[in-house]
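Some structures to go through are shown next.
Two complexes, one shared chain (chain A), two partners (chain B, chain C).
Take a look at the complex of A and B:
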């Protein structure tokens, strides 16, 4: 590896959120990572809260009391929305990352048609499905509850 | 913006001279617009009339050599392949390709990309070294087999895809779309037998598993190479290989010379091969 003496110019996290003019798959990529991190945080908290049972009845009741407020209920709702998106979009990524739905290699003739155009119907389907699940979950969370 | 209404154009350029500056800064230049002007033409004009020390790389002026990749109005593109009018008539904002260190002004340090490219063995690998060194004929390949890699072979190594990739933006260990796309270009070439050798380099965090199909690489590629497609197709091959279902092809044989038929009198003999 040649050591560079240049000025660092790596975009870092700005490469996820901004840094240029991006398309819809880029935002889905970023959202997938963010929701993944959110779910991971939830799982850690979940383990922490439920493990309080090991310390006895009193600490369990204290932990459950702490997480039963409206703020935590809203947090749980966000976890549900993140889960709906992450799971359904994950299926799309699984399909694409196994080389399905991206189209065969083609002769690049301008204006170029990329694999993104091939898999766009899948993106639309995924977003619709995630939206339906979120609407159903929202009713369940806030209206039918 | 139509060409007729445009008489002058403003360039906003990110400048950096390692001998003088500690960080890059922006400078503005106003130059006359001329019909058909590309972003590269404008840079030459600025160099001639305002800033003789402005540095960038370019050579062919026709989207072939791959040296003039830059961030133009927020998108990685070839300066020679981008008309100023395409940008809507406002200020032309030019910065060096991100995700590469800045050597000076608009010159990115592309060496890490080429190191990774070299490590992935971007050439035909075969057992018959004798035939490769002293070829007796062409390797046989059908039109369908050619199509499997032709698209990926149009890559001019401009680095625009690397500048657009969000994974490469946060992960310096990731090989990036250009080298990975080129690894698949050779893996899918029936004349090649280097899949196993490249697989060893592709394993781990430098390999294609870091790519999560944001697709920016394919969106910005000025040659329609579609590295995102190449990477996903390569992942499928690697999964099949893991499941022991990957069909390792024998590298294509040397095509037989035609033995029948007679040359027409008015067609001269081909000159002797030079390589």
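Take a look at the complex of A and C:
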């Protein structure tokens, strides 16, 4: 059996940031990955910090005191923003993955249309929804809390 | 279904689970004023105040959902990270090594986090 060697990823990580005339979807892809990596990093640390709850009040309050202050609060806010974007954009990706919102298959007749014409309203809706959640979080973090 | 297809399907399924459970977690912890859920922060004040932590910690529902969220998020995050690394076309031996390291890290964190969730539940119930 001949094993496929695949296509070399020549741009590597630089391909996330540029390399062609890409639409906004490509940069949402990059942002989805960056927020995913950020959330993963936070989550791994979060497991370690919040496990202090199992050891009682003193341990919990010591751990929470260690990760308090303006810098940590701002970091936590960034995590919230990343979550809002990653979650709502993830819904869009799931919808597209299942074949919805990409338009029907059509003959390639000039002037050509792309599935991006169908996807764009979903992109706008996703960004608006994420923005609403971010505004609610911003109020909660910096104004009302 | 090929192995990677199965793992990708699990990745999407885990994403749906995370969407609900982490959405709930974020609402309780970070939208406590804009979306007040009084029953989940019964002592008032900040959601991370010890009294609120104990109140939520007494709930078996929270303990179970913490463990489910832990497993789903570890799988979703580490599998996504693995995909990003694999796109850089590492050598075959390196792919195997990366998979093994991520699997072991994920399992260790799952065991540790599950212990913490159960121990926290037991501690809160005893108070």
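As a convention for this text, the second predicted complex is superposed on the first by the 125 of 145 C-alpha atoms of A that agree within 3 Å, B and C clash if a C-alpha of one lies under 4 Å from a C-alpha of the other, contacts with A are read in each partner's own complex, and residues count from 1 in each chain.
Operating definition for what follows: a contact is a pair of C-beta atoms (placed from the backbone, for glycine too) under 8 Å apart; a residue touches a chain by one contact, two chains touch by 3 or more.
Since we're looking at a predicted model, the values are computed, not measured.
Novice: When the two structures are overlaid on chain A, which partner does A:25 contact: first (chain B), second (chain C), both, or neither?
Specialist: First partner only.
Novice: Check the residue A:9 against both partner chains and state whether it touches chain B (first), chain C (second), both, or neither.
Specialist: In the superposition, A:9 touches chain B and chain C alike.
Novice: So in the superposed three-chain picture, is A:139 touching just chain B, just chain C, both, or none of them (first/second/both/neither)?
Specialist: Touch partner of A:139: chain C, not chain B.
Novice: With the two complexes superposed on chain A, say which partner A:47 touches: chain B (first), chain C (second), both, or neither.
Specialist: Second partner only, chain C.
Novice: Thinking of the overlay built on chain A, is A:97 touched by chain B (first), by chain C (second), by both, or by neither?
Specialist: Both partners.
Novice: Between chain B (first) and chain C (second), which, if any, makes contact with A:61: first, second, both or neither?
Specialist: So A:61 only meets chain C here.
Novice: Who does A:115 touch here: chain B (first), chain C (second), both, or neither?
Specialist: Touch status of A:115: first partner only.
Novice: Touch check for A:105: first (chain B), second (chain C), both, or neither?
Specialist: first
Novice: Shared contact residues on chain A for chain B and chain C?
Specialist: On chain A, the residues that contact chain B in one structure and chain C in the other are 6, 8-9, 12-13, 33, 97.
Novice: Which of the residues in chain A come into contact with chain C in the complex?
Specialist: Touching chain C from chain A are residues 6, 8-9, 12-13, 33, 36-37, 39-40, 43-44, 47, 50-51, 53-57, 60-61, 64, 76, 80, 83, 87, 90-91, 94, 97, 136-137, 139-141, 144-145.
Novice: Contact residues on chain C for chain A in the complex?
Specialist: The touching residues are 12, 15-16, 18-19, 22-23, 26, 30-35, 46, 48, 50, 53, 57, 70, 73-74, 77-78, 80-81, 84, 87-89, 109, 112-113, 115-117, 119-120, 123.
Novice: If we count contacts the way the header does, which residues on chain B are in touch with chain A in the complex?
Specialist: 16, 18, 23-24, 71, 73-76, 96-104, 108-109, 111-112, 115, 147-152, 154, 164-166, 168-170, 172, 188, 211-216, 218-219, 221, 223-226, 228-230, 232-237, 239
Novice: For the complex, give me every residue of chain A touching chain B.
Specialist: That would be residues 1-2, 4-16, 19-23, 25-26, 28-30, 32-33, 93, 96-100, 102-110, 112, 114-116 of chain A.
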